[in-house]
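Note that subunit A is present in both complexes that follow, paired respectively with subunit B and with subunit C.
What follows is the complex of A and B.
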């Protein structure tokens, strides 16, 4: 009773704060100074059409590197927490686990058609990060969704975790190496002017950004697929 | 106007998520509440970056480079949210992994079954002198988990 009253009080106070925020919110009519600089600089200096990808992969690329590290830690953490269940299964007093029920025919046939299409769509999103909406993170998440579909369609299927782990580590190392090469040959760490800027709006433009997008997409996709595969069974 | 609507939706989602985390006793529902708070926060961040009558900050046929600085939306909150969404997925994965382990340990998903586990770490704290003025837990049978690390030292003094 008192617990419920305390919860209602907390929610009422939060609601009061949020209502004040909403009522006093005024829409901007012009960009703030930093946003304006980024919107002007990214097409000029970096040759990228998508301002957000330009920020994520060059001006604030160090944050992207930090997020890659966080994803790697989470993948290692999930592996640690869920990892040794196959060995310890005999300790737990429970009935023998039933073999997973095979998926229905609709799911299996649909997966056969959809998984290649999803993979192509993910590759398109990754490679087009600097031209239109997209980028490494978004494409990597779509790759992971195709892994979920695969595992749903065939519960006995095992993803090759060794291959995925070594691919993701190689992609991470290459990302850092491209960054260091940017520091040596161009303006600074992870500067994308390492490669020629090319023609604005074409696929091979914006210097090293398509390469960084591909490495990022491969790394994020492998990581999320490994995380999802750990939850199987 | 539109950004006020999105802001209100995001704040409402955060409120629903807080309610879900406080009210429910099932671990999975608490995880869902946490995920709702994350999604609401992303909406709030994107709504704050909106410029009246603005469009996405992508230079193509519909938005030339010359007029971009007057008609584009603030790109920085969108960049932050791209990162935050992926991190939210990863943190939810860790929470679900812990939920699986907790279920295997106690065969229940109710968070009340784990209230006693907080006292297992207590004996290591009690051994220092600073803890003498902390409120002492009761030494009665109901507060002791069978097979626990041991009674707190203050239970033996009388």
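What follows is the complex of A and C.
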């Protein structure tokens, strides 16, 4: 009885919180000054239809580089922690764990159909980053989800960690190199006007932005796949 | 007219989603709950997305892709979950008397 009353009380409090939120919410009819400036500048100066990606990959590209570095450190930390535990497990003589059972035929067939679909969707998200919602980070996460599906469909499969790590490092180095090229040939570090801006709204436009987006997607996808593969054991 | 049909489809989808939620609460064991959640929510999703298609005819192709994706993933994932539950011997409800998967497993083991 007391439990029921407590649940009702909590629900009522939640209702109160959301009610006050919605009552006091006033829809903005104009942008704040900074936002307005960004909305004007990004299509004009950078030639990107998606303002958010425009900001993330040029004005705040240094932040983005920091975020990639954080993700890289997460991958390295996970490798350190989980890799060590695996070594300890080998020291202790224990009963051999059951070999993973192969997934059922339905799951395997479904994965065969879905993995290419997911990969195409990821590529679409990545290369359309400067035009519509999406970008390297989101697309990379979708790539990693297809890796999860592969591993679920065939648990005995091993991802080629060496290949993934070197691809990821290469993408990171290229990202920084594009940034340095921007500092030399254009306005500053990671300036996208390194390449011609092209026609506004087309696939190859917004200067170096699609390239940066693809590099980001490759890097994030490889990194998250490595993290997932490490968590498996 | 098209908007009315679309609204009705979305409403029907919402009713199926509601029944999925009720099923999760009311069903006796893990398997029947999974079945209620999967079946009703797959149909509910399809109906809601179809209803949205009536409101925005230019989204039809994208919505069809989403429906295809849901139809592919929802049953497969619940199938995998149910098999995993069966594997670790999650108990069945008292009313359940037939375990076809176990029978099939024993049969194949006996034949091999």
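Here is the rule we go by: the second predicted complex is superposed on the first by the 199 of 233 C-alpha atoms of A that agree within 3 Å, B and C clash if a C-alpha of one lies under 4 Å from a C-alpha of the other, contacts with A are read in each partner's own complex, and residues count from 1 in each chain.
Just so it is clear, a residue touches a chain if its C-beta (ideal position, glycine included) is under 8 Å from a C-beta of that chain, and two chains touch if they have at least 3 such contacts.
Nothing here was measured: the structure is a model prediction, and the numbers come from that model.
S.K.: Once subunit A from each complex is brought into register, does subunit C clash with subunit B or fit beside it?
M.R.: Pair status: fit.
S.K.: Determine, under the contact definition given at the top, whether A:117 touches first (subunit B), second (subunit C), both, or neither.
M.R.: Second partner only, subunit C.
S.K.: After superposition on the shared chain, which partner residues are touched by A:107: those of subunit B (first), subunit C (second), both, or neither?
M.R.: second
S.K.: Check the residue A:152 against both partner chains and state whether it touches subunit B (first), subunit C (second), both, or neither.
M.R.: Touch partner of A:152: subunit C, not subunit B.
S.K.: Once the structures are superposed on A, label A:13 by its partner contacts, choosing first (subunit B), second (subunit C), both or neither.
M.R.: neither
S.K.: Looking at subunit A, does subunit C or subunit B touch more of its residues?
M.R.: Looking at subunit A, the partner in contact with more of its residues is B.
S.K.: If you take every C-alpha pair with one atom in subunit B and one in subunit C, what is the shortest distance in Å after superposing?
M.R.: 13
S.K.: Which residues of subunit B touch subunit A once you look at their complex with the stated criterion?
M.R.: The contact residues of subunit B facing subunit A are 1, 3-4, 7-8, 11-12, 14-15, 18-19, 22-23, 49-52, 56-60, 65, 68-70, 72, 74-76, 78-79, 82-83, 85-87, 89-91, 93-94, 96-98, 100-101, 104.
S.K.: Which part of subunit A faces subunit B closely enough to touch in the complex?
M.R.: Against subunit B, the touching part of subunit A is residues 7, 10-11, 14-15, 18, 21-22, 25, 27-32, 34-36, 38-40, 43-44, 49-52, 55-56, 60, 63-64, 67, 70-71, 74-75, 77-78, 81-82, 92, 131-133, 135, 137-138, 140-141, 201, 220, 224, 227-228, 230-231.
S.K.: Note which residues of subunit A are touching subunit C in the complex, please.
M.R.: 101, 103-104, 106-107, 110, 113-114, 117, 152
S.K.: Of all residues in subunit C, which touch subunit A in the complex?
M.R.: 69, 72-73, 76, 79-80, 83, 87
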